[in-house]
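Order of writing sets the labels: A, B, C and D. Residues in every chain begin at 1.
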Amino acid sequence: MQRSAQHQHLPQPMEPRDPQWQEKVRGSFARQKAMLLIGAELVEVGPGRCEIHLPFRDDLTQQNNYFHAGIIATVVDSAGGYAGFSLMPAGSDVLTVEYKLNLLAPGKGERLVAIGEVVKCGRNLVITRGEVYAVNNGRSIHCATMQQTLMTMRDLAKEKQA
Amino acid sequence: MQRSAQHQHLPQPMEPRDPQWQEKVRGSFARQKAMLLIGAELVEVGPGRCEIHLPFRDDLTQQNNYFHAGIIATVVDSAGGYAGFSLMPAGSDVLTVEYKLNLLAPGKGERLVAIGEVVKCGRNLVITRGEVYAVNNGRSIHCATMQQTLMTMRDLAKEKQA
Amino acid sequence: MQRSAQHQHLPQPMEPRDPQWQEKVRGSFARQKAMLLIGAELVEVGPGRCEIHLPFRDDLTQQNNYFHAGIIATVVDSAGGYAGFSLMPAGSDVLTVEYKLNLLAPGKGERLVAIGEVVKCGRNLVITRGEVYAVNNGRSIHCATMQQTLMTMRDLAKEKQA
Amino acid sequence: MQRSAQHQHLPQPMEPRDPQWQEKVRGSFARQKAMLLIGAELVEVGPGRCEIHLPFRDDLTQQNNYFHAGIIATVVDSAGGYAGFSLMPAGSDVLTVEYKLNLLAPGKGERLVAIGEVVKCGRNLVITRGEVYAVNNGRSIHCATMQQTLMTMRDLAKEKQA
C-alpha cells in the first residue's frame, strides 16, 4: 500500500516463537482430510505467510463450472489460518474465530492460488489477510480477498512446564 | 429477537417474484458438483429460506476430526445464497458478493444443519443471515453464524422481452 | 428465526456473572464522551441485551441529510458491546475485536434505535448481533444489521483475589 | 504483499471516469456535517485512494480516554467510501453496502490517520480496503483494518443524456 509523504508506516518483521514452526504447519495441513479431498497443496510456508494451490477439478465447481465459492473460501481460510499458526508458540493450536470474504471475480481457471499473511500478531488473537487468484493460461485474476481473526489455543499444561 | 415495549418492528412477508422459484432453486443446487462431492442435501426451500443438511464423513474433517471450517462455510454460504435466489425474478442468477462467518463451536456431530434466511430483499442486493448447527446424539449445538450480501444478476435480454 | 419441524434449537438463557452488571454497564456508558457528543441515550439494558437511542440532529448527517453511516455504526457497535459487557465477570473490561455491518436502508428519521443481543457467550469471546431501526413518523425501517466479536479483558489481579 | 516466485500479480492502474473526480470528492466531504462535528480533515485524495486525518479531542473518546471505536470506524468508512467515489462515473453517487472492521490496537494518540484504497473497481460494486494508524509522538501504531463494499448509484437520467 502506498503511503503519503506525510505518513510512513513500516511493518514489523514476523518472528516465529516455535523453532519447529515449519514442521508444525506442514504436519497439521497433512492431517486435514478435507484438504486431501479437494486436492489442495501447501506450496510454501514462511513466518506469517502461507500459500496454498488448488488445481481445477470438475467436482469442485458450482452451476457455471467455475470453482465453487465454498471451495475458494476453504483454501483461503486455511492459508490465513496457517500463516497465523506459523507464529504461534509451541504447544498451542489455532482456531478460526471468524473471517469475511469478498468474491471479486469468478473462480475461472486451471488453478487457484491462495495466499495468507499475518497483519497483526497479538498474544491471543492473530489478524490475517488472504488473497485468492485464479490462474488461467498463465494470466492471474484476483478473485477473492479475505480478512480473518484467529485465536491461539494455548496448552496451559505445557506452558507451565516451559 | 425480543423488542422492548417502546419498539416494535414487524418483518415483511417474503414474496417470490418467480412462480418457478422452487424448481429454479432445486435445479441450480443439483448442478453444483461441489455439493455432490461433499454429500450436501437440500432439505427444504421456502420463499426467502433454505435448509441444507450435511451428514458427517471422515473426509470432510480438519486435524481434530471435526467438520472442517471450510465445509461449514460451504454449506451455509449455499443456504444463504439459495434463500436469496428463491426471491429473485425469473431469468436472473445469484452471485455471492461477500459474507462474514463467525465460528461459535467445533463442528462436532453426525450432521450439520445449515439454515439461510433473507433479512432484506432489495432490487439488486439481497442480505441474508445463516446459522449452522451440529447435531450430535439428537442434541444440536449452534456452531456458526453468517451475514451475507448477494447480488441479483439480471438477464437484460430476457427482461426486455418480458 | 423459524425452524423446520426437523430441527428445533432452543437458545440458552443469559445469566449475568457480575451482580453489579447493570450499574457497571450504565457507568461505562456514562464515561464514553463520544456518546455524549452525539447525544446517544442508553434506554434499556438486560442480561445479554442493550438498546441505545439517538435523536436526530443536523450535525450527525452525511451529504443527503440522513444519519451518517459512521454514526449508525457507532451506536450499534456500542449496543452490541454493552450487551456483551452485561454478561462479563466482575473486574473485567470489554473490547471490540471486530464487527461487520450491512447498511440496509438510509438512516432517515427522527430517531435511531440500536439493539444489541448476545448470540454466544464464551469464556473469552462473546459474539453479538445488532440491529438498527430508523423511526420516522412512528414507522420503523430496518436500516442496518451487524455481527460482532467482543473479547473479555480480565483483570487477573482481581480474579486471584476472588 | 510479497509474492512467491511462482506467482506474480500486478495491480491494475486506477483510472478515474469522471474528469471532475477531485472536486466531486472534496465537495461531498464538505457537505458531511458529521465530519465537521468530529473535526475530520480530507488530507489527500487520488484516483482510488483517500486519506483522512482526525486530531484528538477529549469529546471523541471512550471510557479509557482513547479514540472511540465508532469514531475510528467513521473516519475509515469515509476514507474507503471516497477512495471508491473518486473512480465512479459522473452523475453517480456512492453508497456503503457493508464493511468489516478489525480493531488491532487502542486508538491512543494525538491524531488518527485513515487511508482508504480501492482493491477492485467493478461496474456496480467497488471493493476497498482501509487502514487506520494512531500517531503518538511521531510514532504510528496500526490500530484498525477494514474491508468494504461500495455500490455505484447511477443517475439513469444523466447516463441517457451522455
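Keep in mind that, in the parts below, contacts are C-beta pairs under 8 Å (C-beta built on N, C-alpha and C of every residue); 3 or more make two chains touch, one makes a residue touch a chain.
Keep in mind that what you see is a predicted model, and the values were worked out from it rather than measured.
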Equivalent of C-D within the choices B-C, A-D or A-B, defined by over half of its residue contact pairs recurring: A-B
Chain pair with the higher count of C-beta pairs in contact (A-B, B-D): A-B
Chain centre separation (subunit A, subunit B; CA means) in Å: 24
Centre-to-centre distance between subunit D and subunit B (centres being mean Cα positions), rounded to whole Å: 31
Where subunit B touches two or more other chains at once, by residue number: 97-98, 100, 102, 149
Footprint of subunit A on subunit B - complex, ascending: 28, 31-38, 58-63, 68-71, 73-75, 77-78, 95-103
Touch list for subunit A against partner subunit D, complex: 1-4, 6-9, 43-44, 49, 51, 100, 102, 104-105, 113, 115, 117, 119-120, 122, 127, 129, 131, 133, 135, 140, 142, 145-147, 149
Residue ranges of subunit C touching subunit A (in the complex, touch as defined): 97-98, 100, 124-125, 149, 151
